[in-house]
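Letters are used for the chains, namely A, B, C and D, taken in the order the chains are written, and counting of residues starts over at 1 for each.
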Amino acid sequence: MTSDPTAAAPAAPAARSVRIIVTGGTFDKHYDAIKGELTFKDSHLPAILEQARVTLPVALEVNQLIDSLHMTDEHRQGVLAACRAAPEECIVVIHGTDTMAQTAQVVGSAALGKTIVFTGAMIPFSVQGSDALFNLGFAVGMTQALAADTYVAMNGRVFAWNKVRKNKQDGIFEAADAAA
Amino acid sequence: MTSDPTAAAPAAPAARSVRIIVTGGTFDKHYDAIKGELTFKDSHLPAILEQARVTLPVALEVNQLIDSLHMTDEHRQGVLAACRAAPEECIVVIHGTDTMAQTAQVVGSAALGKTIVFTGAMIPFSVQGSDALFNLGFAVGMTQALAADTYVAMNGRVFAWNKVRKNKQDGIFEAADAAA
Amino acid sequence: MTSDPTAAAPAAPAARSVRIIVTGGTFDKHYDAIKGELTFKDSHLPAILEQARVTLPVALEVNQLIDSLHMTDEHRQGVLAACRAAPEECIVVIHGTDTMAQTAQVVGSAALGKTIVFTGAMIPFSVQGSDALFNLGFAVGMTQALAADTYVAMNGRVFAWNKVRKNKQDGIFEAADAAA
Amino acid sequence: MTSDPTAAAPAAPAARSVRIIVTGGTFDKHYDAIKGELTFKDSHLPAILEQARVTLPVALEVNQLIDSLHMTDEHRQGVLAACRAAPEECIVVIHGTDTMAQTAQVVGSAALGKTIVFTGAMIPFSVQGSDALFNLGFAVGMTQALAADTYVAMNGRVFAWNKVRKNKQDGIFEAADAAA
């Protein structure tokens, strides 16, 4: 073991094109001062990617902007269709946390042969103390590094799509067999 | 290909203990209102990990709190020693960007057999528009997912320790052969 | 008038003790990550006064923590009672904007002989882009400077309690005769 | 005194046009990610006034953008000239705290017959925990409410221009006879 900087090192993964598919969720809510409530307007993702100083090629796609509690099977099929249509092999899906595991199950069981990482936030990006930026960075890393499959990435951890649930009482994700 | 949620999926990486070694850098600067300048006091990492809602086992170690422009060889040896002493196999080093590549080279060429990911920030966590949270999330993901080696993770990309430099004019990291 | 710094200048108003009466409103809402909604927990005022580096003697009183749309006559009488009981002559009332004018009318028509300034926020203190800090500073200034009476202070302007309404369409306060 | 909302109340001060004269100071510093330091670029005031939802007529004038420690007599004469030339009777001067009292003395001793309120910030607007918004709101209120003269408004208090100094050890303003 020498300190020779030209020594062979296993190559870092090549920078891979990433597609971010936005579906809304807590992550992307903003405060509407007139209505006096958290709702959706435009996605914060373009501003966030600039703030994160990302030089990776990123394609951004707003698939829908809704609360995941309002998602129907049709909405989930729309996410699956977007993942299937994407030319990229690395995909991050920004999703509400309440039904993230369900949509991940729909996408994961389709076995698209891509690395698809679901993430979201417990506190909106636009609110003090948000976990959105950390989670996005975590997911953008994981989608480049993990084998092709579908995952949920929250709380600094990554879970297989069929082994995860949201613990709604504690507001964290944990390993669990998928609901029958 | 079925939609059976019990179908075998490649396991997600098991949650692994991560050690975060703090060295200071732009990431951790705070504004001293009396002195009227950005300097170091306590690390923001404990508050950041809480904000990120991380449930992963994380050991936090403040190795030093300095501007990486002020780092000497002795400081870099201190980082290497901390990486060597760490019981964890997954390590994130928070480091100033200006000499991150040099310290990564010192650590990487020692070939410790651990996954060591250097990251930092171009704008302090405590300043509007910071990339710190994104970068930390990205690095915490990469350290769990990559093969044992030393890396620099910035701008949404990961670089091998001997193939990276900071482009100081543009403020971004890019692939490059290490300086001879 | 010379440039002699010892020349007599009209004295600035002496620092006066100020009481801040908190009633909740948008100003003080925080995001409950478990419930996924904006609600009330503790008031942000203690942290805000520290952030504002206020050296003025300030008494802080949490009268209630509710959305002003849910205020009843009884709640407004509670605000009036708190203003009456306060030993200070300078009072700031933090109040939801939707019925701020109504409560100001209840307090103003009681003619307590104190300078009582209502303010609030269109965007919570805890949300990006909030007007809360500006409005609080504005109100803390006005309560020290204005003659004894009751006022609404929003949008950088101050209105007499019986000459103001909220324009809910535009989300601003404007001069108007009080509703009959 | 009855609860009749049409009862005569002392009129609130009419909304008055305010001129904000920007000179830089800590208030307006931003972080230059390439240089790695706090410096000046554009003033944050246009964005701040929008955030504060100010409907008052405000004229904004960038007189200079420098650290007040670098101000010379010539710079202070420039501030005085701007105050003199302003058509408004209500002026807020955003100024570095270190020599705010000196410039206020130059302007105050000129006795322009206008209400001129100096303010600034101990922590930049662009940094977490800033007092800038509170101080600006406070000053915008005071300039409309106080008699014509020159004042320093910081820490929730207002001081006559010839009775104030910055206590640099504690980082607060306090009443004091002007230096001889």
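Note that a residue touches a chain if its C-beta (ideal position, glycine included) is under 8 Å from a C-beta of that chain, and two chains touch if they have at least 3 such contacts.
Since the structure is predicted, the reported quantities are computational estimates derived from the model, not experimental observations.
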Any chain that touches chain C and chain B: A, D
If a chain touches chain B and chain D alike, it appears here: none
Farthest chain relative to chain C (centres taken as mean CA coordinates): B
Centre-of-Cα separation between chain B and chain A, whole angstrom: 21
Centroid spacing, where centroids are CA-atom means, of chain A and chain C in whole angstrom: 41
Euclidean distance of C-alpha centroids - chain A vs chain D, Å: 44
Multi-chain contact sites of chain A, meaning residues that touch two or more partners: 33, 53, 122, 129, 171
Inter-chain touch pairs (all): A-B, A-C, B-D, C-D
Contact set on chain C toward chain A in their complex: 26, 31, 33-34, 36-38, 98, 122-124, 126-129, 168-171
Residue numbers on chain D that touch chain C, as the complex places them: 1-7, 9-13, 15, 18, 48, 51-56, 58, 105-106, 108-111, 122, 129-131, 133-142, 144-147, 149-151, 153-163, 171-174, 177-180
